[in-house]
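For reference, chains read A, B, C, D, E, F and G in written order, and residue numbers begin at 1 within each chain.
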Amino acid sequence: MKYFSVEYISIFAGFILLLIGLWGIISQKNILKIIISFSIIDTSIHLILVSVGYIKNRTAPIIDGPVTRADAAQQVTDPVPQALVLTAIVIGVGITALMLSYALKLYEKNKSLEIDKYKSLKW
Amino acid sequence: MALIMIVMAFIAIYHKSLQVAVIASGIISLFASVIYIFLAAPDVAITEASIGSALTVVIFFYVLNKIRRIDDKK
Amino acid sequence: MVNLILTIALLLIGLSFILVVIRFIIGETVIDRVVALDLLTVSSIGLIVMLAHFFGRAIYIDVSLVYGILSFIGVIVIAKYLEKSL
Amino acid sequence: MKIKGIAVIFILLLSTWLVLNHSLQLPIILIGVGLAAFLSLIMCDKCSVFNEIKFTPKAFLYTFLYIGVFIFELFKSNIDIARRVLSPKLPINPGIVKAETILQSQMGRLILANSITLTPGTFTIDIIGNTLYIHCVNIEGDDMEQYAQNIVRKFEKYLEVLYG
Amino acid sequence: MIRNSILLLIIAGLAFIFYHELSAYHGNDGLNETANYYATKGLSEVGAANLVTSVVVTYRGLDTLGEVTILFLTAAILALMFKTSHSQKETQKRITSELLITASNVLLPVIFLVGIYIFINGHLTPGGGFQGGAVLASAMVLMLLSISGRKIKHAVLDFIEAISGIAFVLLGILGIFLAGGFLDNSIFSLGTFGELFSAGAIPVIYSFIGLKVGAELSNIILVLNQTQNVEK
Amino acid sequence: MEYLKITGAVITLIGAIFILFASIGILRMPDVYNRIQAGTKASTLGSILGLFGIGLIHPDWMLKLLLLIMFVLISNPVSSHVLGRAAHYIKVPLSDLTLLDKLEEDTGSETAEKEGDK
Amino acid sequence: MVSPIYIIAVLLGIAFLLGLFKQPGANFVRFAAVITLAFPVFVSVGWLIHFIIDPAEPFMVYTAGALPPFSINLKMGLEEAFMTSAVNVLGFFGFIYLYKTLKAQGEKAVVLFLVLIMGLNVVIMTRDIFNLFVFLEISSIALIGMIFFKRDLNSFSAGFKYLIAVTVISSFLLIGIGFIYYLGGTLNIDDFIANNNGLTRGLSTAVFLVLIAVLLELKPFPANGWALDVYQAAHPGINAIISAGTATAALFAVYKLLPFGGDLWLNIAVIIGLITFLGSNFLGISQKNANRLLGYSSIGQIGLLLAVMGFSKHLGEHFQMVFFALFISHFLAKAGLFWLSGLIAKDEIKDWAVLRKKPHLLFLFGLFVFTLIGFPPFPSFYGKWQLVMDLASNYNYWWIGLILLGSIFEGVYLFRWLGYAMKLEPEEGSSIKLDWEKIIPIAVFGLLIFLASYFTNEIFPSNFNINLIPVYFVLFLFVIDFLPAYIKNTIAIAGMGFYAYYIYPDIEQDTLRLVFAGIFLLGGILTMFAGYSVKGRRPGFFPFAIMMYAGLIGLVEAENLFQFFFAWELMTLGSYILIIRGKKSILHAYNYMLFSLGGAYMIFMGIALAYNGHTSISLEMLQTASFPGWAYTLLALGFLTKTAALGFHIWLPGAHAEAESDVSPMVSGILLKGGVFGLLVLFMAMGGEQAGEHPLLYALGWLGAITALGGNLMAVFQEDAKRLLAYSSVGNLGYILFAFAFMTNIGWLTGLTYSINHFLFKTLLFLAIGGVVWRVKTHNMYEMGGLIKRMPWSFIAVLIGIITLAGIPPLSGYAGKWLFYNAVITKGWYFQGAIVFFAGTIAFLYCFKLIYSIFLGQPKDKFRKVKEAPIWYLIPQFILMIGIMVFSARPDLILKPIGDLLSQSAYFPTDPLSWENVTASTNLGYWSGYKIMLVIGGMFVVLLAWLMIMSRKAKNVKQFNIVYAGERPFTPETTHYSHNMFAPFNKALGFLTTPVVTDFWNGVNDTSHAFADSFRKIYTGNGQTYIAHILAYIVIVYLILL
């Protein structure tokens, strides 16, 4: 039954999304689809990391109102994974923007979004 | 909700239309951020909603727009 | 009592999510899907506020605020894209 | 006239700030004043929108009236929609109609359009000049022009007072 | 077909790896040593009500500097990539709906204010520089969409970006001299817990981060928007 | 006090029901415009009610929630308007049930040469 | 000391600041950037010096006012200081190199560069995994922003591939980091290592994900197609940063994280590293695109460095030294090569021929190539040596084999490339644009190589210390290369003379060494005389000639195996350059180098096998090798490649024949003795007479006999005079090998006599023929003829030479034969002896052909006016002739002391030869040099007089008389009387000369190229396939780990 609590559900979902995203990256031919798959992977990783830091029946690591300063350590979840994910999300958006602009440039040069068409470099 | 996310992921990967795929990935982020609320991570939820969901989709559509422009010119 | 009613409300919202997603999947045009997205975000705003009640934290309202702003802009951008005036 | 617009924005922003912070400590007020002043100054070339608000007692009264009418219409429209959606036959009769508005101010037209959108079975698709194009779920009656004009008039009379 | 089955095999292998990883997951019972430190000592050392903020801005401040840099890099790369040689001509666009213009005129100041609220209150409420920056950037998008006639100047954004970046670094260096090390927030007094002016330099740092992120994200979008006539 | 809370809860529930209606609406409606009708209207009201209800439960959150409500009230119709406008511009077909299309009559010549979305 | 945190602060602050300036072409932006980049150099080098002078505790930088496990900290220790110095120096010069490129790109590009360097610094210094991740991303992104500087389709697609690959990799890294935090409770590297001893299943998987992701950043073979594409498409200046800078940081990241996984991961690192080294270099051999080739090489080198990390347990305290030596070579050479590539701005390796126009750049190119391969005195030589030795003492022979095999592959393409650059004709109109900002970095890195070499030599254990005087002399000659040739020639001769005087006391007692030292040094001086005939500067000749001699004399001087091998490689290097100087010698020099390299590595492997378990590496140690059979065989094979035994001889004829006129005697008469000396050392180690029945010796005996026969046979059918002499050398070396293989006192004496003889007559002959060729400008004998009247002195020299060669009394060749028969009979190898005897008779044939077709008969019309060979060719010939005469008359002067030495030593106690004044006698007979000379000399005079009288009646006939020819010859030369002179013999014996061996080696070559060619098809150019490679790689490594 414990597998139906929110952290398990989210971590399972995270891993499944991760696999779907990876599958998308290696099976889809369209560059933009690949980038979308990448953003799915990104989201899934964030999901996994946040669930890893979750502690049952605890609340957000922000001290106000119901959470008191004195026994914060007994009431809040782990702030570190959240901090990491925060960083990772921002990095992710940077990379996504970069990928998209690369895709745009490629399209501009070759008028195609099929990744198979960019094989001039090889061997 | 998790199920919806997974369904969305499949849509994002397999739908023919790019716009729909992008929107689907936006919805994945959206649901992820609702889950973050469940997971007691409002900071992450805000970030995911604002950056992961909204801004990424916006950037995607700007790029799609430019791609269409290139097509038009051709 | 209050919590019971709100739980029912939550479930209803969840149910509506599923319906909206069905529309998203069968949705004929992109606009339909954008409408679905819009509906999802707007209901999420309500959902998050309810969650704020459940967890007893006022701070979550800020989250829904940001939600509102950004979903609005997202929808506008998509619409602008679709009518080719982005 | 700009002063008025700036003042409106300033008050709007300051109150928003205080609401957001949910506290009345001095530093917060100070920062709020500073920020609101700064933002309203850099936004002032767009504040013509806010110039149009009329501060008269009548306007004050009509605001409440308008809100009341609006809320009433809102509920009505939603129940109407719910009825249509839930009934198995899906009794709809849609169409796009047009209506003229007499409102000139931007703010007024915005609120008008929004109100129309939120009220029974109608929503504003486009606004060209003074013509509102309205999509209706269910067009009743034979005279469509009249029907459309009715929709508009309902709100117009209040907004006219408010914004002119 | 063969290709797909090979790929499927790879994914199955990865699934196997992740299964091992997942099987190690068994929930949490309490904070571990590191997190416990943040939740107990961190409050007095940093003074931020939002523990995530205290971790992000102070304890892992170098990471944050890094991620700001990443956005900065992205904006710079995009600017490099899409630099246009000849002047661009506006393509024919449909006139923006009057309603949208009005609405954005009403909403813009509010959105700006919300953005600023989010990053200034980063140490008290959820949110912070990045989220606030994103909100600011979205306000920029709205401006871009509704007010097509008016150009948003790159130079202003660049100026904000550079100044706030430098300020961030300088605050960090100040930490070496005035407090315990690079990016230590206790260069200013920690103030009363839970108030706006507390947590030392965190509100200041987060404000700069917010401005910088907002400017960077806006720059990215501007670049993608403005170069309509692409080089051949 | 307790009554206020229960009233709030009930209002929230009504809001949720409206959201449900909205979703049913966008599922059942025959064309885009009608879906926009159903979707935005009901969901706006639904979420407003939801927010207001919670505001009644927690009076000290009320101000913030009212701000949020204002925001939703302004932004949501605008976004649906923009969407509908776009839909019409790219000529998403109206349902067969549609009686008339004045906008098409007035602007048809202008948009005739534009092609529809895929 | 300045805290390293300021590196971040200053670089980042300036980067942000520069974002402000927008005016195009604002030069001060780049100027400011240069100043800024100098700052981290100052800081990190300051720390490096600090740590070298005073090995203090590492300096820790704490951030955020909290202690490490809770906040991010940076570490600055010796290793970090070194690595950051490397990166920062590269950054500084890389920026200067890219100055104009960046200017063309705009101010943002400068910003990218600054941030990149900052990111790499932090990657090296940080002690926090997540921080590592963030800054890895920063440096990747900054790089990605610079890949597309060329703005063509290729660079964009390469950048995109790089981007998606890096992103996928970092996803795995992030998951791993998350679970490491979850299961390990910390993100701090030191904390994790200290507190986690046993790895549970989940934790080990997390560690796996982190480590494999960081390893993938190193681009392991075969999951590295994306990186190769980047190398091919990006600007070479960027490539230099990727190859030397980013790889450095990633390597150090791996180094930091490897302790996570414990010993298991060390082995994984070794396997991954060596597969990468081998695979990458193997695929490189069929690569034609210069930048991509460098990419292959770069990845290979990184693989080797990774393997070295994995070996750290075996290396123990030597680890840092080995790593330093190998790393610095890769770092400097690869950056330099990429920069050179940017200067050339062409893709194909054949286009590098344009370097010929700029000898200084060519020199730098060679320098980088040799540094990369690991030739002395460059650091990687020391590193490889120590690595192999330490591995050997831990019984890791297979690893050694793989490392050496990979090095050979590397040699294959690098030397082909070097050959192209030195010898191919540059394309019409191609030229190099010399920009000062591009030359300076290359030159500085070239200089740094020398500095590093000096430093490496200093830090390696003292018993390695070798006599560097000759090396310095070589360097000195490089410095004065701008002087005219005759001055340098004089300096070189003086130097050799002085050195001979200098070392004479050391080896005076050891006659064996004395003989070889004499051959090397006196022979060197003699052959150098011929160099006076060359006008002009003769750039690059003298340093390498002296380098060869330095190597040769180093062999003689060597006291331990390291010095021996050092000298051996030095000699190879010098001789390679000397050979490739010839006009058509590109292929032959290439072959020579490959065989030398292969041989050298066999020697290396042999030494390693022998070294096992010993702390000393003295020459005597060979005797106690634990795998003597293998060690001896490998060593023998190695030396045999240098002596060109049949099977390994295919490089020799071309190399000797196509070399310059005065180089041929050096490489033939003198260089080959280096191999002989090596064999001698080996045989001595095998234990002298006691080892007489060793199967290896028996095999070598046969090999010697067959080589003698084959070499001579092939010599007979040559039309090219120098080629004839070259084949003759093969045959002669066969004699020598055969004689030494007897492993008896008299056998050795025979071998030595042959060696001395061969030195004397082959040098003489090559000089004489060289003199002739100098005048007539052709090697083909059928184009000469009748030159006796024009070149009487050369004729006499050749005559003396072939008499000695053929073993005709009275000259010393006969002495050799006499000893030889004695030895054969003593040993009892009659059958082989018969073969050698038969080979001797064949030698008469080509001797006759040589002297007849060149000097006798009628002179050609076009050569009626040729002059005698230059005086500088004649002088050494006279000296050599005198030498032959003296040796023929008084062989006891040399043979007696050697014989005494041999019989006194423990190795060869039985001495069947006794001396009585000048008469040597055995139980089979006696022989006295000068008596024979007198008798035969008298007969000769009589015969000559008779011949002179007879020849008056001879009448002139037309040379090209085709009246009676049945068909019209298209090339009239082929009707010349000396063309195809021994056609009848060819019919009889020609089947023996079918080029079986050449075919064999060609087959090896073709097969490996074909393999490499088809194998590299895995790099399809499709970014998606590369991702699939990465994922498959992860899965496979994981399954292996299970």
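As a working rule, a contact is a pair of C-beta atoms (placed from the backbone, for glycine too) under 8 Å apart; a residue touches a chain by one contact, two chains touch by 3 or more.
This is a predicted model, so every value here is computed, not measured.
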Minimal step count in the chain contact network, chain C to chain F: 1
Central chain of the complex, centres being mean CA coordinates: A
Chain whose average C-alpha position is farthest from chain C's own: G
Between E-G and B-C, the pair joined by more C-beta contacts: E-G
Whole-Å gap between the CA centroids of chain C and chain D: 22
Cα-centroid distance, chain D relative to chain F, in whole angstrom: 15
Intercentroid distance (Cα basis), chain D paired with chain A, Å: 39
Whole-Å gap between the CA centroids of chain D and chain E: 34
Multi-chain contact residues (two or more partners), chain B: 17, 38, 40-43, 45-47, 50-51, 54-55, 58-59, 62-64, 66, 70
For chain A, residues contacting two or more additional chains: 7, 12, 18, 22-23, 26-27, 42, 52-54, 59-62, 64, 76-77, 80, 82, 86-87, 89-91, 93-95, 97-98, 101-105, 108
Contacts with two or more other chains, residues of chain G listed in rising order: 130, 134, 137, 141, 144-145, 148, 175, 179, 181-182, 187, 1028, 1031
Residue ranges of chain E in contact with chain A within the complex: 4, 7-8, 10-11, 14-15, 18, 21-22, 25, 27-32, 34-36, 38-40, 43, 49-52, 54-56, 60, 63-64, 66-67, 70-71, 73-74, 77-78, 81-82, 124-126, 128, 130, 193-194, 213, 217, 220, 224, 230-231
Interfacial residue positions of chain D with respect to chain E in the complex: 9, 12-13, 16-17, 20-21, 25, 27-28, 31, 35-36, 39-40, 43, 46-47, 49-50, 106-107, 109-110, 113-114, 124, 126-127
Interfacial residue positions of chain E with respect to chain C in the complex: 93-94, 96, 100, 107, 111, 114, 118, 125-127, 131, 134-135, 138, 141-142, 145, 225
Contact footprint of chain C on chain F as seen in their complex: 5-6, 8-10, 12-13, 15-17, 19-20, 22-24, 26-27, 32, 35-36, 39-40, 43-44, 46-47, 50-51, 54, 57-58, 60-61, 64-65, 67-68, 71-72, 75-76, 78-80, 82-83, 85-87, 89-90, 92, 114, 117
Residues of chain F touching chain E in the complex: 71, 74-75, 78, 81-82, 85, 89
